[in-house]
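Heads up, the next two complexes both have chain A, just with different partners, chain B and then chain C.
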Partner chain A sequence: MTREEVLKDIQTKFGEVIIEVFDKSPKRAYIEIKPTAIVPVAKYIFRDLGARFNIASGVDAGTHIEILYHLTIESINLLISLRVKLDRENPAIDSLATSFEAANWIEREMHELLGIEFKGHPDMRRLLLSDQWPEGVYPLRQDYEEWDETAIRDRGV
Partner chain B sequence: MGMKLKALLKSPWVFHLSTGSCNNCDIEVLDCLTPRFDIERFGMLLAGSIKHADVLLITGSCNRQSVERLKRMYEQVPKPCLVVAIGECAMSRGMFIHSYNCPVPLDKIIPVDAYIPGCPPKPEAILAGAVKLIQKVSGTA
Partner chain C sequence: MKRTVVPLGPYHPLQEEPEFFMLTVEGETVVDIDVRVGYNHRGIEKLSERKTFDQSTFVIERICGICSTSHPFAYTRAVEDIIPMEVPERAKYIRTIIAEGERVHSHLLWLGLAGHFLGYNTVYMWAWKLREEILDVMEILSGNRNNYAMFKPGGVRRDIKAEDIPICLKKIDSIIPTCVMLKKAVLDDPVLHARTKGVGVLTKEASINYSALGPTSRASGVARDLRKDCPYGAYDQIDWDMIVTENGDVFDKAVVRILETFESIKILKTCLQNLPPGEIDADLTSIPPGEGIGHIEAPRGETFHYVRSDGTNRPARHKVRAPTFMNLPTYKATVIGESLSDATIILAAIDPCYCCTERMAVRNTKGKRLYSGEDLVRLSQEKTARLKKEMGVK
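Take a look at the complex of A and B:
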C-alpha cells in the first residue's frame, strides 16, 4: 500500500474513534484517537500494516497527559504517531505490552515517571527510579516538587 | 601523608568508575591510557578490579541508583586510597544540578582528593591533575 492508501485505510476502519488526523510531512502523520481504542488501532497498524513499534513518549501538557505511540512503516517510510490524551487527575489506558513485547518497558517507565496507569500490564515493577523513591511522586509531572530533604541544590561557591 | 600512601604512588593503579556520566569523560580517561598520552609513564595502570585499585577516577553526576553502588565500591577499595573527580558532573553535577535524580554531589558522599574540571576535561588536563595529585601526596610540589 502507498502512503495515502494506508492513511485512508486507517481512517475508514477506525473512523468512529479517530478524533483528528494531522498530516505533518511526507514522512510523518499524527493520528489522535480515543484512549479506549488504543489496543485495536495499534494492533492493526502493527500486525496488519506491518509497522515497527519505535517507542512511546509521554508528556504532561498541564491540562492533560498525552502519550504518543510512534509506529514506523518502513516500506513506505512513514512514521505514524498515535496520540491519546488522558485525564490528568486519573490517567489510565489499556496496556499494549500484551500485544507487542516492545511496549513493556516503556510503559513501566511512563508509569513511574508520569504516573500513568497501564491496565493489564503483565509486570508493572519499578524500572528506573531508585528504591528510596516514594510511591505516588512522579518526577516528570509539571507540579512535581522536591521531596528529598537532604538534596543539595547549590554549587557550594 | 603516611608511608603506605607514599609507597603506592610509585605505581598507582587506577580504577575507572562512572556514576551515570554521558560517556565523554570516560572517553577522555581512556584516551589517557593510549600511547599518545600514555599515562603509564607515571606508573599508572588501569586496574580491572576495584580491590586492586589505589586511585578511583570517578566521572558522572551521582544519580540515586549509582550512589548506592558507589558507596558499596568505596568500601571495597584497599585503604589508603585517593579519589579523583573528573569532569563537571562529578564536581558539581553540571547541568544536572536541579535534576530529581541527582540530589547530592560526589564530594558530599565520599572524600575527594583532586578535582579535574572540564566538560569533558582534555586528556592533558587529566594528566596534569594526576601529576599534581602525585606531587601533592609525595610532597614534591
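Take a look at the complex of A and C:
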C-alpha cells in the first residue's frame, strides 16, 4: 500500500472514532482519535499494517493530558502519531501492553511521571523513580512542586 | 528445585546507565527475571524544558557518553521537523561523518568488552587499540574525543577543514587491515562458535513484538535500519549495505556489529572524500509553535526525540527515548532457560551499558554472599576455557 492508501484505509476502517487527521509532511501524519478506541486502532496499525511501535509520549497540556503513540511504517517511510486527549483530573486509558510487549515499559514510565492510569496493564511496578518518591507526585505535570527539601535539583537555573 | 534470587546491579564503574536485574535461578538455569532501571534518572526531559532550543543541544549531548552524538542528532532533527526544513547539503555530510565515526568506535568498544567477558582479552586489547585511532580522527574533526558539540538546530557548529581530510583518511585506512584480521579471528574461532551460537536467541516474532532496535533486531532477521528506511543526512546518497542475519543468537549479534563497522568505515570515507562545498548552517532564528519528531539510527538502534514548541524560545515538552529502553526488555525473552554463566554475555549482546555485570553479587535467600561480580565474569571465562579443553584448542 502507498502512503495515501494507508491513511485512507485507516480513515475508512475507524472513521467513527477519528476526530482529526493532520497530514503534516510526507513523512509525518497525526491522527487524533477517541481514547476508548486506542487498542483496536493501534493494534491494527501494528499488526495488520506491519508498523513498528516507536514509543509513546505523554504531555501535560494544562487543560488536559495528551498521549501520542508513535508508530512507523518503514516500507513507506511514514510515522503515524495517534493522539488521544485525556481528562486531566483523572487520566485513564486502556493498556496496549497486552497487545504488544513494546508498549509495556513506556506505560509504566508515563504512569510514574505523569500519573496516567493504564487499565489492564500486567505489571505496574515502579520502574524509574526512587523508592522514596511519594505516591501521587508526578514530576512531568505542569503544577509539579519540589517536595524534597534536601534536594538541590530543582532550584531553577 | 530450590530457587535462588540473583541480584545483578545496580552500580557499575565501567559505563553509564546503572540497571538492576533480579534473576531467579534454579541450580544454574535462569527461570525468571525482573528489571528495574532509573538509578541514574537525571530528569533531563524536565531540565530541557528550562533551556533554550540551542542550550538543550548541549544538555542532551550529555545523556550518553558513548553515543553522545545520536541524541543531539535526533533532537536537532526534531526541532527542524517542527518547521519543517532541511539543513544545507554540507551540514548533512558533516553530520553523517560524525555519526558514523561514533558508530565505529561504539561497535569496537562493544567488541572489546564482549571479548573480555568471554575470556578473550586479546580481542579486548586489539579492539580498544583500534578504537583509539577513530577517537583521534574525531578529535581532529571536532576538537574532542567524545561529546563533539557539532550539532545545532539548522546545521552544524564547526566546519571540516580541507587540510584535515587527508590526515583523517590516512588514519582510517591504517585500521582497516587490523579490523579485517580481528574479524577473521573472531568469526572463524571454533571456541567462540561453541560459546555463542544458539545462546540467548531472540526470535523474529519476539523481536517484532518487543519492537527491538538496531543490531539487536537485525540479528533476528528483521531488516530495519532507519538509515535505509527513513533516510536522513547523506545516507541516501551513499552506496552501503544493511547487515541482516537470521539466527538472533549472541554470535549473530556480534556478526552484525563487526560487519557494520566495515560499512560505517566505508560511509565515513565516502563522505570525507565527497564533502560538498557550501553553507553549514541555515541560521534558524525562531521556532514556530508546533511539534516535531526526530529519529535516527544510533549505534544501538533508533534514538527518538519528540519536541513540542509553544512559540517561545524553549521547548514546551521534550521526550527522549534511547534505544536501550526498547532493547532491554528483550532480555526477558532471551535469558530465561539459559545458564547463569551465559547471562553476562546475553545481556552484553544487546549492547546496553554494561553496568550490571561488574557489580553483580549472587546471594542465597538468607543474604549470604555466594558470588561477586568478578566471580561471574570468571564463571563465563572458565566456561570458555573448559570448551577449549574439550575441543582440544590451545
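Please note the rule applied: the second predicted complex is superposed on the first by the 151 of 157 C-alpha atoms of A that agree within 3 Å, B and C clash if a C-alpha of one lies under 4 Å from a C-alpha of the other, contacts with A are read in each partner's own complex, and residues count from 1 in each chain.
As a convention for this text, contacts are C-beta pairs under 8 Å (C-beta built on N, C-alpha and C of every residue); 3 or more make two chains touch, one makes a residue touch a chain.
Remember, predicted model here, so these are calculated numbers, not experimental data.
Applying the stated contact rule after C-alpha superposition, one finds that A:L68 touches chain C and leaves chain B untouched. Put simply, more of the residues of chain A are touched by C, taking chain B and chain C as the two choices.
When the two complexes are overlaid on their common chain A, residue A:T150 makes contact with chain B while staying clear of chain C. In the superposition on chain A, A:K8 contacts neither chain B nor chain C.
Looking at the shared chain after the overlay, A:S130 reaches both chain B and chain C.
When the two complexes are overlaid on their common chain A, residue A:P139 makes contact with chain B and with chain C alike.
Common to the chain B and chain C contact sets on chain A are residues 128-130, 139, 153, 156.
On chain A, the positions that touch chain C within their shared complex are 24-25, 27-28, 30, 52-55, 57-60, 68, 70, 72, 74-75, 77, 79, 81, 100-102, 104-106, 125-130, 139-140, 153-154, 156-157. Listing the residues of chain C that touch chain A in their complex gives 34, 36-38, 41, 43, 45-46, 50, 81, 84, 206, 208-211, 224, 229-231, 291, 293, 295, 302, 304, 306, 308, 316-317, 319, 321, 325-326, 328-329. Put simply, chain A touches chain B in their complex at residues 128-130, 132-133, 139, 144, 146, 148, 150-153, 155-156. In the complex of the two chains, the chain B residues touching chain A come out as 64-65, 68, 92, 97-98, 100-101, 103-105, 108.
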